[in-house]
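Below are two complexes that have subunit A in common, paired first with subunit B and then with subunit C.
And then the complex of A and B:
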């Protein structure tokens, strides 16, 4: 039995790392999969799935033909920044989406992150409903968010992306949700 | 204090005393006490006065189910004393009293009750004409219960979702058993309990003569639940409603949980029901379960000498409880001819407790001032609701009563469940529940403990199967059980005060009279008499009311039914609903700079934008100064909120050609074009510019508030047309500024090394891609404010650097930022419309002189057919420019334009222009009023009508020399 009295949920704190300034980019189009595969990325085999790359970056598949690439802290996202820089509009259906500028991004990790998100989001992000590698494109605190489970069952971690113009707003909502869990503030940066 | 020894007192901590006061008198309670239990432990029974007659009242249910225990806290009225936890230093007072609780000057009201029948105030205070004004303040003063603290500071309330396979509502024996069975099968179970401890009736009721079964069973079930990893428990939590698909709002403390459950099992139990007789509301008269709660939960001895009035065997068991705790049980008065279990009669006899069968209490006798029960007049029952002429008086200071049980049906009826009355058992049963909502235990009509457990197991078994799980054990058969409800526990007294509804002081005659006046339907009886409308919401009055209405209207009880149960189940605070509301806002990358510059921020949709730079009280001066600065020097405005769409692909031009009214197929690369959009009805819905960056790439701007809709429209239409094009909403990704004014080129020249900024090299409506201060940028020559201007669009991450670079480069030219309100004035001077401010839900292009922006040479655009139809009809109104001399009363947006006795339009924009030295504006006017030189009457504040002159647009720089410079 577990008690759900809020004050009894002060279990291990969450860790929140602001990755807004870590490079990331999106690609969309019928030729995007072919292009990214040729560039050495391992792609998820279905929409709303995400795959970790060997270098620590992530590729999330947001629809049949749309991919979101999250840079790795290991190389400060350089690989992804290079991909963004080398893209050109050509004859192929392969369009760049400026995700670093359109979205803010944090990495939220810890054992209670599903409960933290349950204060903001109406989608069940707890295991086993939301497994590692799963992607939820939903609303949290009344704005659109993309949640990517980039952790494991033992060590859950969510990449959370949202409208960059609402960064201050959602930072506040997230900080408020974290308060009862003793989570760290948003000072940590990748 | 009057406390029983352990193990009584499941909830209290005897070593943790708490000091508190009630009506100014100091008392001591214990940690775990409710306010009411602590008062009762101190011998204080009188806690409130009734709503209408101000009769003395003490606790009835000890479960927060009645209005008898409503008290006032310093910051909160109408607190249920029997449900509110005691805390140290708590100052509790009585409410709804005139004088003091002990000496309420309004207590005389009861003596006039025959003059105040139900509905008397509907009919009595309106005659003679005008009398209502006399009565109203008196009635209003008497209305209401507690007093609001208007200095109350809002506290933190929040919400959270909870997800589960099965939500079990109620953790009594049925809830505990069901949770275990389902959890054993592998289901994730959420167990929701209103009380601070689990067990429900096992915590206070007695189920066997020895009095050991409840404790043993509770211990056993609790141990299993506590060890089960699949069960989560919410205590002190109330499921306050049932909504479609098992969406359950559960309140715990200051949090509202929004529970989403695949399956829901309601084990809410049943409410103990009172017997209706004269003075059944006296302090010291309480439900049998209330006395048991006092003993078992709080170790409070509820009285010295008790009478138990019962319609079932549970009264006998309660009598044994009272006897065991040293209460002298003077008699058990059984409404029936005999108990169902004869062994109970033997147990009473063994303890020398008198048992009077086929009898009832006809009247409770009281101390002076109705302060407490002091005895009962017991009579033989001779027929339904009738008693013998003479009886016997038994002295007592405690009367426990139980006429039977009413299922806690509220959530189930909210879900569409139907109540049907079974005459054979004299109780309601439920049917017609939606899929995935189940019921078990006494709310399901199972009262015998083994049946309760079996029923719960069976329900959980079925739920497990529905969840695709494999239950461990097979279904268990149920046994027949004795009736628990006495079929007519209502004994009207010739002198009345036989209360059916304690909240509203409604007596038997009140209900019966309502039916005689013609309110035969129970819903109408409710509205006329207010029965069931008080704080307890019919928990104890619904069943007797149904019986009385059925009897008085000669129908059966099923036909009569009960009134509709609506959410919430218990009173909930607005704070629970409103708490921690999410109110999104957006900020541009330069937001901090605006604040540093002293901007007065304003909302633009959900964006926060600078209105102007300066204090609010200096609004006009700041705005006019900023406008003149742009006209004479150079200004910088943050236009990042402007919608931005990247339209790319072989069919990009084709998509825009179909979406917008203008033609785009042949638009040259490096040029922008005004873009006006209509909907299928020909109504103007948005505008912007389409900048062609490459053959297959357009950068389209849209209005701040309209871009999301335009983006959706593009996606929708493209899904239909199947064009080879990609549309990306880059509004947040790209931020932008507009450098405007005669010196704007000079400022930009400081920062651009790879662009020819000359008038010839970068003409009006030109589009360029280059760098500004080393930042990759898209530049658009625009003229929205009517000056030489450059919109610079860069990636959001570079917005702050761009702003700083421009302000630094512009320092030599006295650059200053300007805000949205200034921009609105500047564009008004140029006669540029703002879609949605100067247009409405009917505006078509011809009404705003935008016919030039509609291509007649292409076969289609969205709204084309409607535009053609609208333009073929005579224009009825038109947006015109108007002017008033400086010093005139300035019209405001929305003020009406008159045409004789009719309204022909309204003002859409109006401002004083320092550049022009007069008031200028835009307004819709009748077509016969729209010729320049004509006057339009505008009705302004105070009903004054000003005569404005219609003028040719634009007001400023009609040859466009400045913006094209």
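And then the complex of A and C:
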């Protein structure tokens, strides 16, 4: 007989995966959309929206002309690392924003993550206020964060990015909030 | 908590915003006098009433304009600077002389 306790351990209500070491990069400029489209990325059609790519990468649109690219665990972010490496300044308004060392990144998933985040953040991140594919640039635990809804209605998941110099601080705040909901934190990437 | 409407991000706590000073038209930096430039850089009107101000939504580094009543602190309207800056501004600065 399967004990309920063992089952809970197998499928924890929420999971925290550190993706800080996965490559990510930003681009900004009036020609960035054209460039990224030509490079095979599907871009969100409005600011504060995010789109999943076929290979598991994500593209989040942070403003009219700024894009944040998150690497996929499937290729260890190689595609995004290559995009950063091949960028060159030319006549086009398309500028590189290095994001690997500036931000920490985690993937928080599970059915209770909206409640977990409600302990840290003033913005309503529950469904339907915050739908899959939405991006919130706000403050959580008193520091600036970017929250990207990269899951689905049935299986919510948030990519959370914040200042890497505050990694330990926000990690602690998140783990403290998770404790109440029986979350399991994994130190390695997905 | 007081709520401000960010034109890019929607309603947010006022603690997420940074004040950027009064909105003033910039004099031509090449041809204006030193007194005009100093007035633009250092002096403020400090009106009691509805003023137009620069504000920034800090988590997204997004600058926008707000119309606020400085007596009641009521924010009447926030909007993207594109409403006022409709074309590109080019600075034809004269050649800087080194040393």
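Keep this in mind: the second predicted complex is superposed on the first by the 175 of 190 C-alpha atoms of A that agree within 3 Å, B and C clash if a C-alpha of one lies under 4 Å from a C-alpha of the other, contacts with A are read in each partner's own complex, and residues count from 1 in each chain.
Quick note on the criterion: a residue touches a chain if its C-beta (ideal position, glycine included) is under 8 Å from a C-beta of that chain, and two chains touch if they have at least 3 such contacts.
Model, not experiment: these values are computed from the prediction.
In the superposed model, A:102 lies in contact with subunit B only, and not with subunit C.
In the superposed pair of complexes, A:146 makes contact with subunit C only, with no contact to subunit B. Within the superposed three-chain model, A:29 lies in touch with subunit B and out of touch with subunit C [touch as defined at top]. Of the two partner chains placed around the shared chain by superposition, subunit B is the only one that A:168 touches, whereas subunit C remains out of contact.
Of the two partner chains, neither subunit B nor subunit C is touched by A:44.
Touch criterion not met for A:73: it reaches neither subunit B nor subunit C.
Once chain A of one complex is fitted onto chain A of the other, the partner contacts of A:63 are limited to subunit C, with no touch recorded for subunit B. When the two complexes are superposed, the chain touching more residues of subunit A, out of subunit B and subunit C, is B. In the superposition on chain A, contact of A:136 is made with subunit C only, not with subunit B. Taken together, the two structures place residues 122 of subunit A in contact with subunit B in one case and with subunit C in the other. Contacts from subunit A toward subunit B in the complex involve residues 1-6, 21, 28-29, 89, 93, 95, 97-103, 115, 118-122, 124, 126, 129, 141-143, 163-170, 173, 176.
Taken in their complex, subunit C has these residues touching subunit A: 1, 8-9, 12-13, 15-16, 57-60, 62. Put simply, subunit B touches subunit A in their complex at residues 158-163, 190, 225-229, 231-237, 252-253, 255, 257-258, 260, 580, 582-588, 591, 607, 640, 646, 648-649, 694, 696-697, 724, 726, 728, 730-734, 795-797.
Against subunit C, in their complex, subunit A makes its touches with residues 47-48, 62-63, 122-123, 136-139, 144-146.
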